[in-house]
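Next come two complexes built around chain A: one with chain B, the other with chain C.
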Partner chain A sequence: MKVLMVDIDKCTGCRACEYACSFAHDGEFNPLNSRIHISEFLDDFVFVPTYCTQCDEAYCMDVCPTKALTRSQSGVVELDYDKCIGCKQCVIACPWGNIKLSSDAKRVIKCDLCGGEPECVRVCHAGALEFVDVEDAVLGKQIRAAANIKRSAVAGV
Partner chain B sequence: MIAIIGGSIAAFYAYKTIKELDKTIDVKVFSKEDRQPYAKMVLPYLISGNRDAFFEIEEDDILMNCEVKAIDTKAKTITTPMGLYSYERLIIAAGADAYIPQYEGDYDGFLFGVRYLKDIEAMREKLRRAGLRHIVILGAGLVSLEMAHAFVKLGFSVSVIASSNRILSQILPKEASVVVQRQIESLYPVKFYTSNDVEVIYKTNDGVNIRLKNGEHLDADFVVVGKGVKPNIEFLDGAIQTNSGIVVDDYLRATDDVFAVGDIAESTDAVWGDKRLHAIWPVAIAQAKVAAKNAAGLNIETQPEVSRNILPIFDMDIFSGGDSVALDGDAVVSNDDGFRMVVVKDGILRGFCMVGRPINYGGLVRLVRDRTRIDRYDISDLLFGNV
Partner chain C sequence: MVGGYAGKILRVNLTEQTISTEDINLKWAEDFIGGRGYGERLLFDEIDPRIDPLSEENKLIIATGPLGSTTAPSSGRVMVITKGALNGTMACSNSGGHFAGELKRAGYDMIVIEGKAEKPVYLWIYKGQVQIRDASKLWGKNTKETDKLLKRFTHPEASTLQIGPAAEKLSLISNITFDGRRMAGRTGIGAVMGSKNLKGVAVKGHLSIRVADKERFAKAVYQARDILSKDAFSGKGGAKYGTAVLVNVINKAGGLPTRNAHDAYFDNAASISGERLTKDHLIKAEACDSCSIACGRVTQITSGKYANNKGVGPEYETIWAFGAACGVDDLDAIVMANYLCNEYGLDTISAGATVACAMDLFEAGYIPKSDIGFDLRFGDADAMVEAVKLMCEQNTDFGRLLAKGSYRLAEHYGHLEFSMSVKKQEFPAYDPRAIKGIGLEYATSNRGACHVRGYTIGAEVLGGLDKSSYEGKAKLTKKLQDLTAALDSSGICLFTTFGLKAKEIAELFAAATGFDCDKDEFVKKGERIWNLERIFNIKAGFSADDDRLPERMEKEPIKSGPSKGEVANVSEMLSEYYSLRGWDKNGIPTDKKLKELGLEGLL
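Showing the complex of A and B:
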């Protein structure tokens, strides 16, 4: 299974992902309608992209009274607008604020991983966003951690 | 056997959670209804059309038309129309029924609560043959206004009779009620009668005639009552300690091997610090999952809950949580964009209510529930949801 991964150290806060996301879904460049959101912490010059993690035990899916939110075979929590009654229970339920209302407040919007080819990843020039297999992501982290330990060992710390 | 009393969403989620933990555990759901569980919060939406709001329990595991009449916590048995059943653990999710006052007059078959699918089905039957195309709703709470909106969408006009001095009095301060009432009355065929009540209701050739306390007469196709709910605790008959509902500890336990969840449970409140009924959809689901795990042998503690409501009606969102009428604390109000109010006491956000355009819903609820100190936020950030 592939997941969206973020390396906060690499994010430059350029917001290309937000523009790409809203354009891919709604045909307009409107960061307010982006499913991915960059929070700026300018004091420390840190940028944190947040997006739907497609939780295993998805709060939004649990509270949906009409089963408009379901999990697809590839593990994505998808919203069926034909079934959605707009009660917004999912918006309140999500602890991370990653399922939200569109800027005109008419619809609930959430990340659908663009059907398997996330636009945000495609436009991320900094390489902060990756769409990778879970196993590869973990392996990559293990190797990076091992490299750090090796550096310390070589330095004799 | 783990027995679950109830046939709504809490019963369904308790069942589902146990089966997901271990599908070999024997679970039986005792429902007084004649059908599978469905989403009660969708009922007003069903006035104007069908929605998939059913949640399926394995046929062998649900006993329908099977209202539990009594429980015996010593013998660990429940009495039902289909006989006596023994349980090892019991989860009570019997919910709450609509409170329907008795009025003077004769209106049999023309007055409906909003609690069961059969209520909606009966109303839809009447709506099809309605000649007056006017509905009277008693009570001006959340369900009443959702129903009013549903009737308006079908082209009906609505009169709403509130005994209190304002609409949505349980969740909104006077100032916000006025904003909501003005918005609805100026744009939709809805008229509110506040500080008023029903004197007598009589059947007529076309429907019913309602005489109000102020002497006015209203003709309507039928009457809907939305005056709150009361927990279904009668069948317990002292077998378990009850207050308004069943008082539970932080593990949702009422007494040994007996748990209570959903609209019938009185659990710890994050704002008031006491035990109270929360009786809202997301709390019922969250509690059902925890009680199910605890009934299956785990030991999971719940966090205090906070009452909150989101009401998307008449082209606005009404969002409230915690102490949303400023009973205790300092209210800060902004009229810059709809109506917004936050209630703060001792550096902690106790409640809020917002009318108009939506903001960061989840964030505010979380701040209230977690008793977060709000020193690091500007009041305007709280009012406009930048949290």
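Showing the complex of A and C:
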């Protein structure tokens, strides 16, 4: 199983992911309709991508009265528009703000990982977003942390 | 369907306090693309080229291109078109950032600002509502504070543009800042905005941008991104070192103007290099809308007398201007001067080159110490920063003089030959004696000396051409000027040309807009734009006499380094250039050329 991972240190704040996401899903460019969102914290020049992490215990799915939200075999919480009645309970239930209303307020929108080939990852030249096997998800972080420890060890600290 | 454009122009008259919208003219969109080209066509139509740039009659146009607000690579460019305050040319300065996308999604390809407000105001544009609001709480604030306050007063995710105190006081080298951190720097556009009592604009988009052919566009985008990822600069180098990577490169070529161009080789270049900046100052790389290059620098000063200051930049040109041009090798001081200019809103190229000019005049004995208040010598980092402070604050006669740029400074002291400028605009960080083509570019650039109207350096230093030869440089300059005019108008960044050719850019434009356009047609549009600018300037009073470099370039050979002994002789290339342009020997477009470009009747 693969998961979407983010490395905040690498994000340059270009927002190509927002454009690519909206274009992949709706055929037009509108960051308000992007399932991934870049928040800027300019005092520290930190850019934080936030997106649906397909929670194991998905409140959006639990609260849905019509079972429009279901988990697929690959672990993605998917939205069936034929069953969705637009009650927006899922929007309220999501603690992260990662399931939302489209900018015209007509649809609930949610990350579907583009069927296994996320556009946000494809367009991210900085390498801040990766779609990786779950067992490798934190490997990069582990190795970087280990490298720090190694540096200290070599330096005899 | 025509795609790419938002479809409307927003017109704000600050004298009458009126707001109106109009549809874009699709014929102009096809012929002039958007951004720089379309904005200039509109300005040409609406103002008399002879007006005083700081008069109420001048207009300020904030324009986007049809590739903005998409995944097209580096498509965050926004252009400001006006009659420039520094020199009265058809001025167009552009900036990156995220403003262009927000403006387009607010429904407007451009804003035309007319007249002059009675009191300081700012604009707030959101969901079809445009408000002219009181800016008395913002007036006097620096660019960073203004950006923060504008976002607080409007929307946390609004994008903003603003002027700093320098432009409020009508400095002729003041810029316009976007989101407190990116600048449309050149030609004194900030002063035009200041003269209108307009402190800032905040905009938040809510609409979508559509393209004409989705599949074709997506294919063109990923092809272009793929090409860019393979180039050394646009792939990795830009993010790692920023534009400052050029300090060592250009110095090693013997083309880094040093001590107000008395030389073109700086012994201490390594201590102010991009590599050094990355090591000592860089916190992270930051990118404009949809940009994979991420050349933006977020930096800090960690030690010394300027410790604990933090900001953006400096760029290569800035490091040169406060560094080599002033003979200064203290990178902390250069970074600090850069921060000051950013906060007060000054063009760092003109600011640094003006300090260099002042140092030169002082050492030659033409500026008395009593005018300045301290010794202003080449190589004195503290004096350089103090001079920048005087220029920023403009609270002394000398500070006010510095804020007018090197031409007025040198004129004031009776020695115009000390101003390294063309059409009153300071030239940037490439020496025309060492690199011949860039001299022709400086001489003929429609907004005064400039490297980004036709960046010959790519071919002359980084590519295979002989930089010391005049041969083929007229053709190269014309080709790059035309391509860049078209590119600037499309809304993507000049740096995409590190990888992309006219073919790929034309394909992006055609796929987005639906206009039939191959590479030749795309470059032809650029040529049309270039000629329109030339016609405006001719009508404004410029002539072939203005297409020349300062005499130092011809008379004073480079003293040291790899280009020792070289001088620049632009006239070697100028007549060939006029001829290739289809202009007569006086540099005036012929009837035949005007007809070919569909510009007949405009001269």
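Quick note on the criterion: the second predicted complex is superposed on the first by the 157 of 157 C-alpha atoms of A that agree within 3 Å, B and C clash if a C-alpha of one lies under 4 Å from a C-alpha of the other, contacts with A are read in each partner's own complex, and residues count from 1 in each chain.
Basically, a contact is a pair of C-beta atoms (placed from the backbone, for glycine too) under 8 Å apart; a residue touches a chain by one contact, two chains touch by 3 or more.
Computed from a prediction, not measured in an experiment: that's the story for all the values here.
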Overlay on chain A: chain C relative to chain B, clash or fit: fit
If touched residues of chain A are counted for chain B and for chain C, the larger one: C
A:28 touches, of chain B and chain C: first, second, both or neither? second
Chain B versus chain C as contact partner of A:5, first or second or both or neither: neither
Partner chain(s) touched by A:55 [first = chain B, second = chain C, both, neither]: neither
Chain B versus chain C as contact partner of A:20, first or second or both or neither: second
A:126 touches, of chain B and chain C: first, second, both or neither? second
Partner chain in contact with A:137 - chain B first, chain C second, else both or neither: neither
Lowest inter-chain C-alpha distance for chain C and chain B in the superposed arrangement, angstrom: 7
On chain A, positions contacted by chain B and by chain C: none
Chain A-facing residues of chain C, complex: 69-71, 76, 98, 101, 105, 147-148, 157, 179-181, 205-211, 214, 218, 222, 225, 229, 239, 283-292, 294, 296, 298
Of chain A, residues touching chain C in the complex: 9, 12-16, 19-20, 22-23, 26-33, 40, 42, 45, 103, 122-123, 125-126
Residues of chain A that touch chain B when the two form their complex: 62-63, 65-67, 83, 85-89, 91-97, 101, 105
Of chain B, residues touching chain A in the complex: 9, 13, 39, 41-42, 45, 51-53, 281-282, 285, 289, 308, 310, 312, 317, 357-358, 360-363, 365-366
